[in-house]
Amino acid sequence: MSGLQLQQLSRRCGDRLVLEHLDLAVAPGECLALLGPSGCGKTTTLRLVAGLDPCSGGRILLNGEDITARPAGEREVAMVFQSYALFPHLDVGENLALGLRSRGIPRAERDRRIASVLELLQLTALVRRRPAQLSGGQRQRVALARALLRQPRIVLLDEPMSNLDARLREELRPELRRLLCGGEPPVLYVTHDQQEAMGMADRIAVLQAGRLEQVGGVRELYTDPASRFVADFLGRPAINWLPGRDGTALGLRPEHLRPRPEGGLQARPERREWWGHQQLLWLETPRGTLRMLLPEGAEAGAEGLRVGWRAADELWFDAAGQRLSAEGPWRQGLESGAV
Amino acid sequence: MIPLLAVDLLLMLPALLLLGVVFLLPLLRDAWLSLHASTVVTGLMAVPNGAANWWRLFDDARFRQDAFQTVRFTGVSVALELVLGLGLALLLHRPGRGRALLRALVLLPWALPTTVMALGWRWILNDPHGPLNGLLQAVGLPTFGFLTTPSTTWLAVVVADVWKTTPFVALLLLAGLQSIPVDLVEALQLEGAGRLTILRRLTLPLLAPWIALALLFRIAQSLGVFDLIQVLTGGGPAGSTESLAMYAYRQSLRFLDFGYGATVLMATFLLLLLPGVIWLLLQNRLPRRTA
Amino acid sequence: MPPLPPVPRFLRRLLTVLAAALLLLLLPAAAREASSASAEITVRVLLPAPFHDATTRELPQFHRDHPGVNLELVRGPLDTDAIQDLAIGSLLLGDTPFDIMMMDVSWMPLFTAAGWLSPLEPYLGAGMLAAMEPGARPGNSFDGHLWRMPYSGDTGLLFWRTDLMPLPPRTTDELVRISRDLQRSGRVRWGYLWQGRQYEGLSCVMLEVIHAFGGRWWNPASGRTELDRPSALQAARWLEDLVKEGITPPSVAGFAENEALQQFAAGEAAFLRNWPYAWKVIENGGGPVVGHVGVAPVVVAPGQEAGGTLGTWGFSLLRGSAHPREAAEAIRWLTGPEMQRSLALNEGYAPTWTALYEDEALQKGAPLLAVQRQALAAGPLLRPPTPLYAQLSDVMQRQANAMITGQSDAVSAMSAAQARSDALIRAMTGTPR
């Protein structure tokens, strides 16, 4: 078995179970994003893999080898911290050298590796600057450089872009992918930003309250969410919810609503946001407020319209939030909306 | 509209006035007094006597001895306090049960009034009835005059001072330790760095400004030491623990020799400026430091 | 620079509790202050703790006899040096809160030279001291004025063990011989205990011993010290040898009155040098030597006159007092025969009034009276009566303590003391007036 396997991984903090029996596998070269709201256990998972916190149960296997009890310093982990964790008293070059030095890498080798990674990240000109003299993006590049310097067996990224502005984040995503993913080591990427997860990861694991909700490919999670939580968490603007019978709920993504000449629900636009390539409408309907994404060019009259959707786009969930099949008695009463 | 500089000055005025009244004025008065004779012989009137007090000071073996003793006390006790305080701070910084209680306990010596604790030490070190000598006797050793041996009594003073002030240093350094982000330590841990490397390469450099602050406080305080020694040894035995502050105090308040007392005080003040100068030098040096 | 950490919570709590406790202590005091302020004249006296406690007992009598005057006794520190610092500190403020100050005999030249005292004879008359024992009179009058009324006639005394010897030694040699014999036979661990700490008490011991060998510390005619004369050297060497030969423990270098007293009371020594109060303390302490303590004049070298250091306290009127008449009356009462009778009975202090020594009733209650009178009659020793005494004593304490601790020897200690004293007198009196 190669790659990273987490088996029944648990972490307890006092009486609180922060992580509960997590089973997860990351293949070599695969980038897996851990996605979830804050407090869901994603950073905890990362720290357990890094060896920064002890597990309360379960095992961590790396290339078939049990590393659960191994100290952090011996796991050969490269980690990029949310804060970047740059040493404020050292300049860029020294920041990079410190880790190599404490691993006893000879000076010549050290200098060679630092020079090449500085070049790769276009940091050569900044080598004598201290972290305080760098911009946010530059700091992040230094943190990346430090992760790249070692030949790690796992790469861990803890919200590496949350301190950057949106534009920079978008620009950096492919670069980050190019530099870190696709090599030998598996990559674990923690984020609370679904767009970032979707842009970066091969697969996404959605965590909530210390439990794994669903793991799968980006498209799979979006189109075929296993739980109401996953459906709700992924997708912006957020999914619409219509109450079904017996506590069930129907999820309809805003882009799946379409104006119709007849049938469907009677709707009155309450508010609209114009986004350039599309617009977002808030519709007042007998079933509640619905958000609808209209492609550029499509028009909805101010006085009212009818909206419908395709039966294939319906996502049904039971009262406990578990996914239901698209056929069933719960559809009664809402069929009128279907195309 | 008032110019900005005028506003600045106006806002600073109360602080400047306060500084002037409580600091500058006494200092000038002291400097002035050091150029006068003011004793019972002159009827406590200040009579100009040129640099006579200063010539007397340069020729005063007791002043030199007290200066040496004060600096020795400061050097040794501050060094010990720094080392022990750092150790204590590192210990208190580690997570663990009962840490809050331990922190409170450690602070106790510092919270105790100096005179009370000095009396306590005077009793502990009493020859032969003190508990320490009791301990020596219990293991079959002869008693020792901790406070009556001129060559070693200053060490007893150092011990008492270290006991009292190490918590202060520890507290300051603990605050410094807590200001170091955990991420930094973990980042270095992941690189396989051991505890010693982390201490040497990360903790100590980041703690440097706090250490400098502790040094500044402690050196300035130690150079002006008075109450501890006054109560513990009274400056004895044979004057071997007298500090400059005690000498100045005695000249003025015991002997009513205000002119010479002012001179000793002025000389002590100049000595007290030293840590400030050291501080400035350190401040200038630290940013240029390389790993 | 990172910001300073906040004050720890427990410390804040501690401070709160302390502040509350302080407030509770101060409130009753403030209330008392307010109640006593009604139309009365308040006379404030600063006095050391033990005297405060002894005097307070008699205070109701004063208030009965002196309506309209509120005598307020302010309890100062115990230690002589500390109370001197406090007294001088309050006087230097210019406007002292006290009307009367309790004064050690050794402070008188300094305080009168500083101009802090008012003469007492305008209020009490010139002949006040005439009815006192001659030995209790010195140290109170200077330049034709009465500056102080003595409260006690204490002198240094020798305390000896009646269970170890039939008669006390008279000479230094006898003391050494008896001590040595007793120590050899194992009946007692140490011979002679005295005050060797670097403080004023050591100066008192030195004064006594120098005189015991026929020397003197101060020559009033020349205005110089005579510490390098053979007799002074002999005296210093005697003390040095006491320690060297183990008759006196080396720890004497740290002894003030109380440390010496406690060790003697514990039965560890044959002799003790102390003040009269020690006898009551030992007898009331319940230790192994209770009932076996005799009191005698201090020992002298063969052929010399006995004399103990005059260690008397008394009351002086401060110049700034707003009610000098009432304050002088208070002094008259504070030092009067009734007060001294009570002090002799309860504390063992030596009276100054001749009449009290001849009072047979008092003699029964205060068995030391005869010895005290004898010591006063022997011509008690006054510490150098010069305003520079504090400095001279400081020089003496350092040098003598250096000798006792073995840091120097008798010859170099005494010649250094003489040289430093000379330099000091030159520096102080050489300044233009």
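Should a chain be cited, it is by its letter among A, B and C, assigned in written order, with residues numbered from 1 in that chain.
Heads up, the rule we're going with is that contacts are C-beta pairs under 8 Å (C-beta built on N, C-alpha and C of every residue); 3 or more make two chains touch, one makes a residue touch a chain.
None of these values were measured; they are calculated from a predicted model.
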Contact-richer chain pair [B-C vs A-B]: B-C
Identifier of the chain whose CA centre is least distant from the whole-structure CA centre: B
Separation of chain A from chain C, taking each centre as the mean of its C-alpha atoms, in whole Å: 86
Approximate Å spacing (C-alpha centroids) for the pair chain B, chain C: 34
Whole-Å separation of chain centres (CA-atom averages), chain A against chain B: 55
In the complex, chain B residues that touch chain A: 181, 183-184, 186-194, 197, 201-202, 205-206, 208, 289-291
Residues on chain A engaged by chain B in the complex (per definition of touch): 50-52, 72-75, 77-79, 81-83, 85, 87-90, 94, 97-100, 102-103, 146, 150
Contact set on chain C toward chain B in their complex: 1-2, 4-5, 8, 10-11, 14, 81, 84-85, 88-89, 92, 110, 113-115, 197-199, 249-254, 259, 262-263, 387-388, 390-391, 394, 397-399, 401-402, 404-405, 407-408, 427-429, 431-433
Residues of chain B that touch chain C when the two form their complex: 37, 39-44, 47, 49, 52, 56, 103-104, 107, 111, 126-129, 143, 145, 147-151, 171-172, 174-176, 178-179, 209-210, 213, 233-240, 250, 253-257, 260
